[in-house]
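Input: structures, listed below.
The two complexes that follow have chain A in common; it is paired with chain B in the first and with chain C in the second.
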Partner chain A sequence: MKYFLNQISREWKFLLAQKYIVVLLLCTLLTSGFAVFSGLQEVKQQNTTIERLIEADRLDREQAQTKHANVGSLAYYSFHLTYEPPSDLAFAALGERDIYPWKHRIKMLALEGQIYESDAQNAELAKSGKIDFVFVVSALSPLLIILLFHDLFAHERSNGRFDLLVTAARSTFSLWGIRSLVRFLSVLLCLMIPFWIGAWYSGVGVGISLVVTLLCVVYLAFWMALSLWLGNKGSNAPSIASRLIGFWVVVAFIIPILGDLAIKHQVESPKGGDIVLTLREAVNDAWDIPKRVTMRAFVATHPQWKEHVAVERMFEWKWYYAFQQVGDQKAGRLSRAYQDAAQTKYDYAGYVSWLSPPLLLQRKLTRLANTDAIAAFNYEKGIRQFHSELRAFYYPWLFTSEKFTKEALVDLPVFQPVSQRALKKSSQLIENKVTK
Partner chain B sequence: MKTQNKIAIEADSLSIKINNDDIVKDLSFQVKSGEIYALLGGNGAGKSTTLKTLLGFHTPTSGKAIVDGHIVSDHLAAVRNKMAYLPEAAALYPHLTARENVQYFLSLADIEKSDSEINTAFDCVALQSSAWERQMQNYSKGMRQKTAIALALLREAPIFLLDEPTSGLDPVAIDEFNQLLCELASTGATIFMVTHDVYGACQVADRIGLLRNGELVGEFSSSEGSQINTEEVHAAFAQGLPA
Partner chain C sequence: MNGSYWSKVFTIAKDEWRYWLRSKLAISVLTVGLLLTLSSVIVTAINTHQLAEARASLQHDAEHRFAEQPDRHPHRMVHYGHYAFRTPSPLSMLDPGVDSYTGNSIFLEGHRQNSAMFADHRQGTALTSLGSLSPAFIVQVLAPLLLLLIGYSSISRERESKTLTFILSQGTSFFTVLQGKGLALLSVVGLIMLPMLGSGVIAVSQGESIAIVSSFFVGYAVYLLIWVLLILVLSSVFSKNSDSFTTLAFSWILLCIVMPRIASSTAANTVPAAGKLETDFAVLAELRQLGDGHNSADPAFAKLKASLLAQYDVATIEELPVNFKGIVAGASEAKLTSVLNRFAEQRMANELAQTEVSRGFGWLSPMVAIRSFSMITANTGIEIHHRFMRETETLRFDFVQALNKLHAEKLSYQDDANRGKSLKDARKARVSAENWRVLNAFKFQGDSANIRLSRSVMATLQLLIWAFGLCVLIRIIGKRVQ
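And now, the complex of A and B:
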């Protein structure tokens, strides 16, 4: 052990005596620190926005509830905030939260339009862009590893020290092994220290932090092994570096971009705009077609209200909400195609990621942080479920002659983020087990 | 010179091919403990390849390289522990001082030496004390060579392998170096050097092997109390040079 520590101490001092490496490591520490800091800021901003919106939403709904006694008007003017707060780990992997929406204010109107109104693009493949921790580790750190390891042997060869070093060292491990280990640990610490601080600050569990650390260790070890393997085969440092950088460009950029293009080409998907347009057309047309046509379509999916669909006046709220529902039904096919395509794209991107270690790491970490496309799909499912609950709450008041009173609003559904629902579910399960 | 009967280094019908080229052909020689042996030859004669085979960097195509009774390729670590190697261009780390370099290389071999022992080694090789704590980037070749010799001395290896040790040194430094080699041999160390410096080799070596196109074409020995005849070696060496 003492021997091992002496060897580590020797290489550590040796590393610190090389200014360019120290500068490189400091840059890494600063970049990782900046990424973690900006991630924390982003998460804080998202949480602040959610807090502000929750309060505004409450006031807004209270105002609507005071102002509107009629259930139809009340449903029409009441907004409901839906949102998915960032997880504790989101600061490290912001993921798809800037592509897929994580907050919506929805009404009792047709839902599909409300969901896809904000759809601007639908990129399933993570590409470089955000300077978050995952980007620093997956895209930038390989460069650093290449810089530190490509010429581990070639530098000594070109300076005529290789033979002397090899003959002087007690064993191969005491020289190259310890030197590589010290460099590797230095890079790892410079990358991970800001993360560990950020994780502690955000309240990320020790288990999750360990999993992230393990994934990063495996990933960096892959790049180190590759650099050492190629470095040991060649004697010309620039040629080794260019081969490694070429490989890095291919796996970090070319494969994800080509994969993205191929998937887009392969998987046909309607645009969010098409869904919105279909829905609007259906809703607008409803004003011009006989009401019984609308109500017949409504009853087809909601037979429980078939006794209550007679519309006698020019305007009735039940007809209005029925054609919103029918609008959703008409846009449903496109919407399902859109969801299926998004899921297929995500799955295909998963296959592509096996060819691109940076992409694979991004996927693993964004999954852990619940900031990937899957999280977005789950949030969307959560909105749909909540909207169904809203309809289930309002329909009896709209379709029957029962007098609506404000007291009934205590049963008005309140949106719960998917992550909190999952938490609630698991604590209920635990509670049940304990009670049993 | 205190030679013993024990064989420190032996090449036994050694042949080495690199990229299908026969660099060394059926080379055989023996170096006794405490002896200074110079392998002399022109450029491309196979001197450095022979040296690197003794260090374990090349595997013989046939024959054996034996150091301290061990076949080099079979007992590499043990063999290397017995040897101190002095490369032609003693390129130590320029950003470290002479002392730091020596400490670093000793630590690689897991050898601990006190500052005073290092100072003694520096004194022994006549490295000015003002240079000991200076970064080596401004050292002359002679100073770098002295530092490398100090390192070799501190390793206390019984066998020294030197690759063109006087190449690039000024005459005064060469004299100092040769004197140092003789002193080292007088302590019982075995010294094997490859060189193309006929005069330097004759001055210090107990025996000289003349290598030409990978083959040993002659051996010259010093007699009791007198050096190897320089003219004789030079004539044999020149025979192989292009006219």
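And now, the complex of A and C:
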């Protein structure tokens, strides 16, 4: 044991004596620290934005509700905020949240015309991408590992110490193993310490932090093993590193780009514009076609209202909302195909990412942080569900002759973010179990 | 400097090429580099062409559909609305910029400013988050890597094998050696950029200004020149190949991979931008003061009514020669639009401020400088998205107001007021379909060459200062070694 510790402290001193390694490690620590810091900032901004929006939304709806007594116009003028707050882990994996929306406002009109509107962030910043912990680990750390490990053997060979070292050492491991271990641990710590601090600060569970750490260790170990394996085969350090960097370029850029091209070519998707166009035609035609045609199409999917669809006046709210619903039905097929195509593309990309370790890690971590496209798809489903809840709330008031009073508004559905809904469910389950 | 001086430089450059052609690594790097640029140029050109065709035909369809609508109440057409599509600029063949990150179609209707919809990236695979197959990305990020992989040892190799002393002792100055090596690397730059020239020629034939296209290429040439100079500098200051390699690789990681992202993260964190959703609340609050344009009895329009009655010297709105409902619709649209525009301008100014912060990092990284330079010149930066939003807003306002004018002048107040009474009355309150030709054909044009050139001044300066600084450094090193 003592021998082992001595070896470690020797290798540690050796490492600190090499200036460029110290600079490299310092840069790693700084970059990882900056990534975590700016990730925390971003998440904080998103959270405060959501808080402000919830408040503004409440005030706005209250005003609409006071101003309008008729249930039809009340529904018309009431907006509803939907949102998906960032998870605790989002600071480390900002993911696709700058491309897919995480906040959205909808009302009782046809949903297909509203759901594709996006409150996008600055496109130029989204294009260049932000720096987050996932980026530092998946894209950057392989390069750092390459720089640290490619010349482990070659360095000593070119200095002429190789044979001497090999003969003097007790075993191969006591020399190269410990030297690698010390370098590996130091780069790992430089990467992970900022993450652990960030995770502690934003309340990430120990389990999840461990999973992330484990994934990172495996990933970094892969790159270290690769560097050592190639490094042992050659004697010219730069040419070893060139090959390693070439491999990195292939798996980080080339394979994903080719995969992207192939998937886009393979998966047919309706044009997004056609969805809204179909909806527009449907909704506008409704004004010109006989009202019973609309009502018939409405009753086909909502048979419970078939006794209440007679329209006597030129304008009635129930007819108005019925044609909004029918519009959604007409555009629905295209819209589902569009969503399915997006889902299929993302699934196929999953296969491609098995050929690209950086992307594989990115996918795993953004999944854990719930910031990937799947999270965005779930959010969209959440909006759709909420919209149908709204309809379910308003339809009885619109279609029956029962007098609408504002007291009924206490039952107005309130949007629950998808992630919190799951939480609620599980805590309810636990409660149920406990009470049983 | 005379002929024999330059022939020395050429000999050194030729020797460097001979060395590359003998080295497996250099040959593979060169081949990969050429293949990458060539394929990216071809794929992006085809892609852009298809996008342009598709969007032009969608635009045509949208205009056609609008004109084909039957006789209607003019306000129905205000809500029927119109679509506008952004056709890509010619140079987006080389740098697609933000095209796939912003929506490229927008629905234009009365009383609202919609945001652009259906950004291609929302249907993406998330595979291209690290890089895309655009010539811009290949040249900005990968070309420097290729250059350093074949160039890192250009001086340090000669030093390590002691051939440098031999060359210098023959009367060749160190500066000449640097020039020769630089020339060899520059010829590689030329090779990498050659495939791009094709797209440049096509862009010119599509009406892009020659000044813009040439400055686009000069910008990229200066950028790659910066890398050549950096490679020469770092290759000369280290005596060992491995040291110059590590330092160069590290610089590349820092300048091309880390810095661009630090730039955008810093921009997003230092200039927080309220999204459209958030400003929409403020807009709504302000709009509530304006009155509902659908309801001419709204007290907010009392003043308008009084002034109209006075102007035509009549006692009631029924006696007015124009349809008061149409007048109200027009007046409220104008007021509403001015509010909407004010907030939209604020949002754009805010986005621009963010972008400026990110572009400022061009002083620290030439990659950031060329990226902004490239997008600005190619008409594919954030400014072009803003221009699209502004132009489509003008289009929207014009057709809505033209319809409101029809509403006021071609439809009598009586007919309009009675339209809710029966189907027959509703049919009376229509104007003929010929009037739908109020719509102007829309073809999106980017910013003019002059605007773009003046916008790119900062990025140009950043590039030039990098190049100048490195030249000075080379000069100093060249003298020192002698």
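We take it that the second predicted complex is superposed on the first by the 425 of 436 C-alpha atoms of A that agree within 3 Å, B and C clash if a C-alpha of one lies under 4 Å from a C-alpha of the other, contacts with A are read in each partner's own complex, and residues count from 1 in each chain.
We take it that contacts are C-beta pairs under 8 Å (C-beta built on N, C-alpha and C of every residue); 3 or more make two chains touch, one makes a residue touch a chain.
Just so it is clear, the structure is predicted and the values come from calculations on it, not from any experiment.
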item	value
Touched partner set for A:45, first chain B, second chain C, both or neither	second
First (chain B), second (chain C), both or neither touched by A:17	first
Chain B versus chain C as contact partner of A:180, first or second or both or neither	neither
Touched partner set for A:329, first chain B, second chain C, both or neither	neither
First, second, both or neither for A:31, with chain B first and chain C second	second
Partner chain in contact with A:294 - chain B first, chain C second, else both or neither	neither
Which of chain B and chain C A:6 touches, first, second, both or neither	first
Of chain B and chain C, the chain that contacts the larger number of chain A residues	C
In the complex, chain C residues that touch chain A	25, 28-29, 32, 43, 54, 58, 70, 76, 79-81, 83, 85, 97-98, 101-103, 105, 107, 114-119, 121-133, 142, 145, 149, 152-153, 241-243, 245-247, 249-250, 253-254, 257-258, 260-269, 272-278, 280-281, 284-285, 288, 351, 354-355, 358, 371, 375, 381-382, 385, 420-423, 426
Chain A-touching residues of chain B, taken from the complex the two chains share	52, 55-57, 77, 80-81, 83, 85, 87-93, 95-96, 100, 104-105, 107-110, 148, 151, 155
Contact set on chain A toward chain B in their complex	3, 6-7, 10, 14, 17-19, 159-161, 163-171, 174-175
Residue ranges of chain A touching chain C (in the complex, touch as defined)	20, 24, 27, 31, 34-35, 38, 41-42, 45, 49, 52-53, 56-57, 60, 63, 96, 99-100, 103-105, 116-132, 135, 139-140, 143-144, 147, 151, 154-155, 158, 236-239, 241-243, 245-246, 249, 252-253, 256-257, 259-261, 263-264, 269, 271-273, 276-277, 280, 284, 287-288, 314-315, 338, 341-342, 345-346, 348-349, 352-353, 356, 358-359, 362-363, 372-373, 376
